[in-house]
Amino acid sequence: MSEFEPKIVAFVCNWCTYAGADLTGTSRIKYSSNVRIIRFPCTGRIDYMLLTKAFASGADGIIVSGCHPNDCHYTSGNFHARRRWMVFRRLCDFMGIDTRRIIFSWVSAAEGAKWAQIVNSANEEFKKLGPYENYHKLSTQEIFE
Amino acid sequence: MEEIKKIAKQLLSENKIQMVIGFEKGTANKVRPAFFKNADDVEKLIYNDTCIHNLALYLKKDICHHIANVGIIANPNVVRSIIQLASENQVKEEKITIIGISYEGKCVGILDFKAAEEFAKTQPKGLKPEDRAFIEKIQAMPLEERFNYWVETFSTCVKCYACRASCPMCYCGKCNVETNNPQWIPVASHKYGNMEWHIMRAMHLAGRCINCGECTRACPVDIPLNMLSYMLTDFVMDEFHTEAGLSTTYAPALSSYTNVDKENFIK
Amino acid sequence: MKLGFYPGCSLEGASREYNESVMAIAEEMGIELVSIPDWNCCGATAAHNLDKELSLSLPARNLALAEEAGLTVLVVPCAACYSRFCATQHELMHDENLHKKINGIIEKEYKGNLRILNVIQFIDEFIIDKLDDKMKFEFNKKVACYYGCLLVRPNKVLDFDRTEDPQTMDVVMKKLGADSIDWAYKTECCGAGFSVSFTETVGRLSGQIVEDAEHRGAEAMIVACPMCHSNLDMRRPEINKYNKKKSDMPVIYITQAIGLALGIDRNKLGLQRHFVPVKLKDFKPYTKKTEVENPQKMEVE
Amino acid sequence: MEILNKLLDKTALSTLIERFGKAGKEVYAPVKENGITDFAKVDTIDKIDFECIATKQSAKSLVFPRVEKILSFEKSYDDISVKNVDINAFPEVVALGSRPCDAAGFIPLDAIFSTDHVDEIFNARLKKLTVISISCKKADEYCFCTSVNGNPGNTAGSDILLTEISDSTYFAEIVTEKGKAILDANTDLFKDTSAIDKTPHLADVKQEFTAEAINEKLNNLFESDIWDKQALRCVGCGACAYVCPACGCFDIQDENKGNKGIRYRCWDSCGFGLFTLHTSGHNPREKQSQRWRQRIFHKFSYQMVQQKQFGCVGCGRCSRACPADMNIAEHLKEISIN
Amino acid sequence: MARIGVFICHCGENISATVDCSKVAQVAATFPGVVHSVDYKYMCSDPGQTLVGNAIKEHNLTGVVVSACSPRMHEPTFRRACAEAGLNPYQCEMANLREHCSWVHERNEKTDDKAIDLVRMLVEKVKRNNSLQPIKVPVTKTALVIGGGVAGIQAALDIANAGHKVIMVEREPSIGGHMSQLSETFPTLDCSQCILTPRMVEVAQNPNIKLYTYAEIESVEGFVGNFTVKIRKKAKSIDESKCNGCGLCTTKCPNKKNPNEFELGMAKRPAIYVPFPQAVPNIPVIDKTQCTYYKTGKCKICEKVCQANAIQFDQQDEIIEVPVGAIAICTGFDIKKADFFPEYGYGKHKDIIDGLQFERLASASGPTAGEIRRPSDGQIPKKIVFVACAGSRDPAKGIEYCSKICCMYTAKHAILYKHKVHDGTAYIFYMDIRAAGKNYDEFTRRAIEEDDAKYIRGRVSKIYERDGKLIVVGADTLMGAQTVEIEADMVVLATAGVANQGAEKLAQILHVSYDQHKFFSEAHPKLKPVETNTAGIYLAGACQSPKDIPESVAAASGVAGKISCLFSNSELTREPLIAVVDRTAPPQYSSCTGCFMCQSVCPYNAIEREEINDRNGNLVKQLAFINPGLCQGCGTCVAVCKSKSIDIEGYTNLQMYSEVDALLNF
Amino acid sequence: MSDSHNHLVDNSLSGKIKQNTGVSLSRCYQCGKCSAGCPVSSDMDFPPSLLIRKLQTGLPEHEEEVLRSKSIWYCLTCEMCISRCPMEVDIPPMMDYLRSESLRLKKANPAAKNIIRFHKAFLDSIEQTGRLYEMGLIVDYKARALNLTQDVALAPSMFAKGKLKIMPELIKNRKNIKQIFQKTINKKQK
């Protein structure tokens, strides 16, 4: 039997984490191939509805990553994002959505190794948690059957 | 009540306002929102402690569009709503005359926005003990049970959008649920569509909700959806020390930030 | 006040005076030191030289016993024991599997809630502030504070003072009125566990230490480790042999120094047990300092 | 079919439910849960709330569900395969304990789904539905069935109508062939009786106006300002439509999971601004009053013209559900005397 | 209907060694909408680009997905190729199969699956791309040069000589930077000040250059071609227009015992001072923290002796706002001070000095007039030890990188020492000699062969003082790691060059990125070495990483070239990837309801309030309007817009949604 | 299967050190700072950095030299090396590991006999009593070392100053201690 391989979506900003992940590549640091990166101009652009959409569409875990505080290419996008995630996490938690499955991080363009480490530890964590059936079921049950 | 009537009549007869939004007798022993356009009509105006509808809602509806100045019988919830709407550029001070009423039902006269801000601050608005108990009950559930609770609770939602329609803060010309390219929220009132709709609504109200409870009162299937935004109001208060509906220059929690917002959850 | 206490083998044997002086000053300060019930040897250098798991299990048993006894703070005067305890704590807390394994070996559950203090940390936290009220004499001598290895290294595990040129002991001695000198051998090794097996090496290493301290005019050396003390004190013949000159500079535990300043009886501090006699005399009576003048304030006015 | 009169013991009703279950029929009846009474699946009688004047929502979802799959599809590189929903797979359903107004609601609903185009899915569901209603012995201030050609003991739309004539016995009117089939399968449970006057056992619902009068008046009221006046407090939600037993508006949507997807229909309401919004941004029913007018016109004028049937059964659910206390009976009365 | 072309690049073997490119191409060919799918060895090569162009024409493609390296690398390349073939360049997207896939995973099926997913994602995205036209914005042809060291001077002069205006801002009272402190420069040993001073004067005299010394950047707003910069001109307490630089005030100042920064504390200066004799501008500054008048309210001797009446005690800081089109960051570096090193005594011994202090000792204009003397007692050291890599290449306690210039300047120090103290011996503890540069190795060989520098390969473990001597304990790893002890008279630590103290703050003001050592980051380590990630902001000199003079000057000229290129156009073309507010027919006009939360989150003040009036001029509606010149395309407004009335080109709601959808549903 | 690198198992001594102690010798760039600071490097046959160099080569003859060296036994574990190492190559655990390997493979340098005897005597004392019994230790050690005259002068004066006890102090739960020895050091040696 093959081991459970979580589906991970990474929502990252173009300037820090996307570039950081590029650096992971240029440094040839290996990490789990379970992750799919989606490029956004800035963490400030990332809509929370995309996160629930990702879960509904089959993601077992999500990584949201951008520039460290004060490093935002656009000055404040990550600060707005940080607030948004605070509130969103609180809501998720209240509604029983598993916040362990949404990993937020700051990965700068210089932190190629950190990116690999974030993905790998997320991968391990999501493996432990197993498939996010609760949410998947939500979107597939009822009339889809 | 007589004082309210007196003020309303005077304003109307002096043509300082062209309409008063208030209450009249409704079906059986209910009250209903009513709109008085002349001083004589005002005789029908009533105010008692069942007058809980958030009348601020109507300031954003068709009926107020072409009226130069609208008077509104405003309990603290309405006042807060108006202040919040003003901070979001949705109502203009010169078009509204607020006739303020305290939680105890005492008329405090006509309030300009500045006075309304002061008034709102004197009218405490915390969570009611039963609401807090409800929230705590939910929080005490294990994760999965919490999830199932909400899924089941929302499964009865018929998506009639009475919650949206009766909320003064839901004034978008085109609600997110009505955008269809992409279709952010499934149109159907199935479990998934309902869950997404309520997540989105709670997020949109985070830091803006003034906790009037109209959404739940309006819900034909009695879903306690106000608990989501109440809980977030509380959270926003704790984390960011801001509260909606107290200042016309308020920057809602989700469109502002500080450099020291907590980030212990960020790796 | 009650604090946990781990005397360790040396303090019960060859370094009794250290134990005696710790107890004497604790008593004077109204602190009760409660020994871990049924404690065992920490394994010292021998254990970790020969077997890693043994070297972790022996201290872990003590830590677990201390926790069982409801202790939260543990004072470990012996620098070697302190080092072993800290290393064990560090390893167990950073390796979940190892932690489980060791718990299995000792058949006890150590949760990791103890704060381990060496004697200087103990003084710094519980004693130094009370000195002003209780001091009877000033320790008006030129001293060389000798830290040795295990008190400050490795910094990553111990997180105590700075590894090169540590200062905490100097601060205590200055507080006692001593002139603590800056010297080169503060943290060099005295030869430690080779005391018995490679006596000559100890003679050389300790010899250099004593020589530098004496050369710079120190009247006494202050230590906080029983091994340092035995090497510098008991091995004085070997030291003198290496240095080709006779040195009678006494080596004193910091607790003994405090005891002297507090006016505690010399025998109660175990000074009579030293091989190199402690002849220090003429301590100046201590007068409590009044309000510290604030030069900055004066300037403003 | 001529109506057959029978008696049915309440205890026999319980047996009937058991037999339905054994026969593979799903029984839906008013059930009180968390203080709200609504239709829900039951397998024993003791779950049924017989005292409720009207369930919060109507029984229409039994034949016209909130969300209903129409077809499923699967895309491949250059092709799409489509599979219609299997209408034969629908279950046999019994609506038990519905009110005469609920039952009457199926008639205008059927009219909507069967005029011009005969909706297969709806009809398949309706065909498999048996309605066993219970006459109303109580009414409230929202009830106005008598004003719209109904009454608390109306048999229209029911297959069997039960009227409680004593604490232990129902007077059962077998109205349709479907009803007779049940009678035939359970003859042991029904007792013979002659016709009984139900009136003493029925609630009193005062007639305030006639639907015909409304229909008449509407001919000249399209441009009236009465709509603006009446719609003033309407907040524009869809609660009235969604609880209405006769409202049949729906939306059709596709939802996909990757290659696979479904087309479904779900309830919609003419009270929503989006209902008539054009892509250009133009909206022919831009104001809430226009939408309110549409609602009244549709139910009392257009449906009469097209389907020879009023679109209202006087159950009063819309008024009960309205967050702004829009009382439809009151508004209709106002129109009738205009 | 979309007609998408997919182009899978092997990148030589960079991608194909790990990803089965032909399989990916085959699978991609089955995606709905894909009409053409091929793989090729080098997509970015000329034939590769031609391949894309031909396919666009031949298959009438409406969108292109190039699956190759990071879009941060070649997106412009392929967009250009598409444009040349007649396809709107914004109908081209890149799937990152190299940095995000082949280089970070093993060769296996899962990696192929990921590659396929990445392609699918971008196919779904590109189907929903809009054809966009570039935005034109005007350019302010003035450059801001931050920092007046040798890099700043070079950049300023080159830009000015190209005919453009330059504003130079220097934090210190004089320009010149660290180079003005140096004695002689390697590998030619010419006098630093002799070559630098004329250039400093040139800056002061060039009519195109406006110089602000004792000034700092307060804020920067705007974007390439259109920055608005606020400069804080700190009060010098001197009216610069009146001061004639006679220097009488500095000689008469009674408060002379202040540590001289320029001499690194090895000399004293008055409270009113010119940092060094050749300073540009030659105008003194009053150090308010030390001046007796500012501290006690009494003195004012300088005011009395100044014949030009130039002293202004009540002068305030001045904020100057200037429009500029481009910015050159030339803020240079700092060095680790000797008090950083634990085992070398935390700076306790006066005779353990750093390299820059040695420069001052060796400088003819320095505190000892060029004689090498110990700071403690003025004796001439007969034995001197240089410690290379002091703090560098030390991840444990110091700086992990190689500070690059130390090998060379240490060799130079040894040579200068020998030239000045003929009977002295210089020891150098080193780990490697890194002397890669024109005539650099020759220079270090000269130190060893001609000037008798004793190079010892090993690191110093400890330095302590005993009887006035410094005992240096090291090892000689070429002698079996034997311990070496040297009794030295003086020790010079070749400490590392580190980022300038204010670098992090400046980076945050400028919104440019910096690395973990707080050095500014270049946009690309090879191909964009002088650009930052922010268009219109450039880097030169040691603010980027430790650099020697020739490198700094070369980079500065590079920046000047870049800026001159930018200024050669009257208009700039900007990427149209900006936010837009939707518009519909009246009476809605837009789904925007004018809550203006977008306005409060926009960092660029790009969102305005548009008013819609009816024919009678009555206000119908207020809407958000996005100024395309100001919007930088962060999209934060999009995420806060509740009614989804704002969208951002290039990352539209539909595109991002489709990416999520495409990625996970299959 | 995970994506991690599938390294071949490194059987060299430095590979084993990495696996058992986590200390990576390839990080050492031979600056020699450890050797310069080591208090006993002059006693060693190879100073620490040279010892690491030998292991870095991975050649069996060099590894043999290391296991048979005096260096590993002369190390005092004073931690000076690690506290100064710029690359944080943690030498003391490496030394611990080399000593146990040297013992296990019976390659311990003859010069180290006394040290090993001392350590063993020390541990025996703990195993028997739970604590160190110095008198017993010294007697035991001297018997093992056949060095009966060393420190003849010291013991009586220690005794006189109250520093030596005649009788060992026994802890109560000696069973527990024996178990610990059984599960660790004794298990491996048998």
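Going in written order, the chains are labelled A, B, C, D, E and F, and every chain counts its residues from 1.
Basically, contacts are C-beta pairs under 8 Å (C-beta built on N, C-alpha and C of every residue); 3 or more make two chains touch, one makes a residue touch a chain.
This one's a predicted model, so the numbers in the text were calculated from it and none came from an experiment.
Here the chain-to-chain distance from chain A to chain B, counted in touching steps, is 1. C-beta contact counts were set side by side for B-D and C-F; C-F has more.
Chain centres computed from CA atoms place C at the largest separation from chain A. Centroids built from CA atoms put chain F at 50 Å from chain E.
Computed from the mean C-alpha positions, the centre of chain A lies at a distance of 30 Å from the centre of chain E. Distance between chain A and chain F, defined via averaged C-alpha coordinates, is recorded as 47 Å.
Within chain C, contacts with two or more other chains are made by residues 163-164.
Annotation for chain A: residues touching 2 or more other chains are 30-31, 33, 48, 53, 57, 70, 76, 80, 84, 139, 142-143.
Residue numbers of chain B whose C-beta contacts span two or more other chains: 174, 176, 184, 188, 190, 254-256.
On the chain E side of its complex with chain A, the touching residues are 70-73, 96, 98-101, 103-106, 110-111, 113-114, 117-118, 121, 508, 511, 513-516, 521, 533-534, 577, 601, 603-604, 632-636, 638-640, 648, 650-651, 653, 656-657, 659-661, 663-665. Note for the complex: chain B touches chain A at residues 135, 138-139, 141, 143-151, 176, 184-185, 188, 190-192, 195-196, 199-200, 202-203, 206-207, 228, 231-232, 235-236, 239-240, 253-259, 261-263, 265-267.
Residue ranges of chain E in contact with chain B, taken from their complex: 588, 590-598, 600-601, 622, 640, 642-645, 653-654, 657-658, 661. Of all the residues in chain F, the ones that touch chain E in their complex are 1, 3, 29-37, 41-42, 46-50, 84-88.
Note for the complex: chain C touches chain E at residues 162-165, 182, 184, 212, 215.
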